[in-house]
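In the two assemblies presented below, chain A is common to both, partnered first by chain B and then by chain C.
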Partner chain A sequence: MSIAFSQQVINGLAALTLLISFALLAQHRMLSVLHWFAAQGILLAITAAVVAYSTGEHELYISAIMTFLLKGLLLPWMLWRAIRKLHVHREVEPLMNNGMTVVIAVGVTLFSFHIIAPIEVLSDLMTRNSMAIAMACVLLSMLMMITRKKAITQVIGFLAVENSLFFAAIGATNGMPLVVEIGIAFDVLIAALIFGLFFFHINNTFDSMEIDTMNASLIHKDDDE
Partner chain B sequence: MNFFIATLLTPLLGGILLGLLRNPKRAAKLNILISATTFTFSILLALQVLGQESLTTLNGWFYLDAYNVFLVALTAFVGMTTTIFSKPYMQHELEIGRVNERRMRLYHSMYQLFQFGMLLGFTTNNIGVLWVSLELATLATVLLVSLYRTPASIAAAWKYFILCGMGIALALFGTVLVFFTSSVVLGHSNDALMWTQLFAHASELDPTVMSIAFCFLMVGYGTKVGLVPMHAWLPDAHGEGPTPVSAVLSGLLLNLALYALVRCKMLVDGSTNTDMAGHIMMGFGMVSLLVAAMSLHKQSDIKRMFSFSSIEHMALITFAFGIGTPLAAFAALLHMTVHSLIKSGIFFTVGHAAQVMGTQKMAEIRGLIYHHPGIGWGLLIGTAAIAGFPPFGVFMSEFLLFTATLESYPWLAAPLLLGLLIAMGGLFRFVQPMVYGETAEYAKSVHVNMTPVYIHFGLALLLGLSIPGFLSTWYHQAATLIVGGGA
Partner chain C sequence: MSSIFIQILQAILMVLLAPLAAGFVATVKARLQNRRGAGVLQPWRNIRKLFTKEVVLADHASWIFRFAPYVVFTATVMAASVVPSLLLDTPLSLTADVIALVALLGLARFFLALAGMDIGTAFGGMGASREMTFSALAEPAMLMSVFVLSLSAQSTNLTTMIHHILSTPLLIQPSIAFALVAMLMIAVAETGRIPIDNPTTHLELTMIHEAMLLEYSGRHLALMEWASMVKLLLFATLIIDLFIPWGLSLEADALGIILALIFWILKLALLFIVLATLETSLAKLRMFEVPQYLGTAFVLAFLGMMIHYMLEVQL
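What follows is the complex of A and B.
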């Protein structure tokens, strides 16, 4: 009975994760994007803890704590500080064709379920659902990365992809082995540090956080001659 | 003595040490010393493996077979010669003020960290750790690409970071999918991520999941290999970073990504028993070959031009592995080796040429053979070698690849040849005026060290004339492994 109940909880958490991915896609205020991102991190930690409790995998508790500290607190705090320092916290990012983006997002979600549905062997419906949702989240976060035009929101998209991958690992496989999990967390941390460094370089060099301004410097290289 | 640990720890500790060393001249010397030590250890390691077919140490965490041992030695070797080249090159960059002493420290430290990531990726037995190390090597090179802090280099590094980050995230999803099915067979533990265990149980893995996983792994690692259409980061990163970094990116990092991809293919083949993975690789390879060959003609920057040539050669190797016959796999392995050697040699030469002329624009580089015969000849020989002229190794491997294509997919031989010819035309179209064109008066005299270039070209020549016995045994073993699905 308890296993069935925890499965229900995990399924509920999966649905929430998917919802947050949609929310991230539709936000246009810098700070609300950040809030949703932090919520996603905390939700992940809770999911990891619930899975750890229901399966009795003690390693997962460590993952849960690590996730909470890194993705729920540290990364959002670092991003918040960067936003404050760069004075962009009130900035509003115009989204291109919001309605269209949401339609594409729904399509992406359906596509994910369509891809994962044929996997029938050796797995029950619940993990299959988690896998489909995780895949949808990965693709939605990528959609966020390509629809955004600012360096900071792109990074949040990147980190949301990492979050979704972590969700895939815990939701569908009860977590990757701890060594790999730590390695990935370490990489994400270094990546975040480098991102922080880049924000300032970009801001100093280009006087803006717009991706298009930046890419122009590369395009002009070709036209020089 | 365990050479695994020695090979891996040398660059890691070296990187930390170099991060603390303030004097750039001393750091450059130490950098050479560390890389030479790593290379020595890797040779000892290779000799250890030479006697036996494969070697597993440290409770199965590290694994070497014929396929990766020569890549380890190659990585350590090119890593070493690049440091020799980098010493006078970076010294000059420091003198003309493109970098300062603090960034030199970052450069040396990140260079060794990159080496560590590469060697860890090649030797690890765990596909999760392989992913982590590839990401580590990527992160180290992101900092290296942006070293000059020019607007273009920052934009290039950002593009590299975001695109490869996205690509490699897809590869991680593929890895999770592999674990999803393998944990059912092998239990929820590290065993389910070990190459050795996975290959042994490949036929028990669920083919549907593995097919989906391969699509993600293909796009993910394919981004790092630089396959079209995920190649947009590659010319920018190669063009804007310091030349030693372009050399190791082209000669080494692309190899690691391709290595990962091929291992995954072996696994998927063992599970699905179809040619699905091979056909996908052939498709990506052929399209990349043609696109890269044509894009090559449109370039104006010398390093970007040669980076398109890297895409072209990576495409050839991907295509060859995709064909999946022992002959094609043999050709691919040989091509991987000679491409690393020649392409890094070319980048060394190009770096010197750009310093001498004070520009990377091909239109302004002229008459190298008159005012700097060493560089001029180097560029000419290098281009001939990479374009596939006999008697260099590339001719050998391309000839084998062509034969393999005729054997299995004769109708693809025509586009293959077409791609090769277009690329060759593009290379000579640009290189000929740079070497023989009217002498420019503004050529500077720069301290040039062509020894590493000649060593690289010499080795490529040797591989073209006759492959040493132990190496061909390795290639054969590796080709059998790759075609036979590992176990």
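What follows is the complex of A and C.
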């Protein structure tokens, strides 16, 4: 692959990543959120593999494979199991309506483009164009965390932030050192395991996965004491 | 061959092929549903029959009601005749501006909605209000998706844009893919096909376009239906021009024109087969989900525009 062609492929993948971030925000159903999250992981692995191939950094292949197994398959499966076992309501319940969220998302994307544009010039990597998109994806995932009522969707938002940060690392520095990446991957895995445990405990304690309900019952508890 | 002759030929072909195109979509749909269908020529037969029928007017129909079919038909045909389908540089190509095109279609829509409300029946008013609500969302999305292409061509003129597309080397441009998807979604909505509107029923509470035509008969109805068929062909040609223009003739010679004609018809056939497949496999959207559908198209077009700046413009 010539440099120009692989740059185009990476640009195309970056565009798809941004699209998936928007799609995650706009979903109504819990399972489709999960599907899009898995798609994001797989896309991330493909991006890492393409960057590895075109820059010749072989360490990135390992993180591509790890990303595929962990973020494309294992984490979505764990979340899917948690949703199944806890009988979580199938609808995503956003705090605002979807239209409003998407309007804010568009604003956030513009903002991150504006912020990154002067930084992008400093880099001479062929992946530099995707930095603005990675920044936008991080902010969009954070937006997803703050506009959702349920703990599970917030956790998916958190994991999407991590995905976007990985994407940002590929874009800005062609990947972090392998040791750091393996460390982060295991951190995420452990975080997901702990979240899974938390889900069960939260469900046992409050009979609900909704943040509002948890707050309300905590306040009642304070009153009782 | 002079280019003026080809310009006229293009306009006439556009008007004459429109019913055939509608018939083709209907036939492909019928085949997909294991029916034989009425044949490609059926829309032509319908139009001919309607022209010989007498016009029945309501007692309190004003001049607008009688005037509207001619305005709608003329505006649509004017819009269709400037879109290049065979030859790129025609005498009228300077007027082939996308904004002017949208304005002409807007004029047609304005009179269609007025005519719908003129008689004062419930259905007409309902259809008109729906049409206006949805077009207020569809028009900006369509303009936005065209602007994605205009940004790199630095012009909103169709001919200039096509020249630009033909002269740039083939690249993977994500922004154009986004614009294409947005444009396809808008085209489906604007031409009143499933999943937004169903062009074949007159008996649904959710109808939009047909609700406005409910009071028309005779040659008025023929013109209105013909105009909507021309609009379908117009949108298909516009998509072909903007996204797959290869094959358009650059010179006004006989061989080039014939080749361009073959390419045009092949691309149209492909596009219409896709449309028929989509129409067969999708169910109609609920009325309240249409704004969301159009909003998605707008966001896609807007993302295309931002991706153009983020990825394709070198700072």
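The rule is simple: the second predicted complex is superposed on the first by the 201 of 225 C-alpha atoms of A that agree within 3 Å, B and C clash if a C-alpha of one lies under 4 Å from a C-alpha of the other, contacts with A are read in each partner's own complex, and residues count from 1 in each chain.
Methods note: contacts are C-beta pairs under 8 Å (C-beta built on N, C-alpha and C of every residue); 3 or more make two chains touch, one makes a residue touch a chain.
Computed from a prediction, not measured in an experiment: that's the story for all the values here.
Trainee: Just from the overlay, do chain B and chain C fit on chain A, or is there a clash?
Mentor: These partners fit in the superposed model.
Trainee: Regarding the shared-chain residue A:L110, is it in contact with chain B (first), chain C (second), both, or neither?
Mentor: second
Trainee: Roughly what angle, nearest 10 degrees, sits at the C-alpha centre of chain A between those of chain B and chain C?
Mentor: Roughly 150 degrees separate the directions to chain B and chain C.
Trainee: So, does A:D187 touch the first partner chain B, the second partner chain C, both, or neither?
Mentor: first
Trainee: Looking at A:S32 after the superposition, I want to know if it touches chain B, chain C, both of them or none. Which is it: first, second, both, neither?
Mentor: A:S32 sits against neither chain B nor chain C.
Trainee: Report for A:L16: first if it touches chain B alone, second if chain C alone, otherwise both or neither.
Mentor: A:L16 sits against chain C, while chain B stays out of touch.
Trainee: Between chain B and chain C, once the two complexes are placed on the common chain, what is the minimum CA to CA distance in Å?
Mentor: 16
Trainee: List the residues of chain A that touch chain B in one complex and chain C in the other.
Mentor: Touching chain B and chain C on chain A: residues 121.
Trainee: So in the complex, the part of chain C that touches chain A is made up of which residues?
Mentor: 171-175, 177-178, 291-292, 295-296, 299, 302-303, 306-307, 309-312, 315
Trainee: Chain A touches which residues of chain B in the complex?
Mentor: Chain B reaches chain A through residues 126, 128-129, 131-132, 135-136, 139, 142-143, 146, 149, 151-152, 154-159, 161-162, 165-166, 169-170, 172-173, 176-177, 179-181, 183-184, 188-190, 192-193, 206, 208-209, 212, 236, 239, 300-301, 361, 363.
Trainee: Could you list, by residue number, the parts of chain A that touch chain C in their complex?
Mentor: The contact residues of chain A facing chain C are 8-9, 11-12, 14-16, 18-19, 22, 26, 98-99, 102, 106, 109-110, 113, 117, 120-121, 129-130, 132-133.
Trainee: State the interface residues of chain A toward chain B in the complex, per the touch definition above.
Mentor: Spelled out, the residues of chain A in touch with chain B are 57, 115-116, 118-119, 121-123, 127, 131, 134-135, 138, 142, 145, 151, 154, 158, 161-162, 165, 168-169, 172-174, 176-177, 179-180, 183-184, 186-187, 190-191, 194-195, 198, 201-202, 205-206, 214-215, 217-218, 221-222, 224-225.
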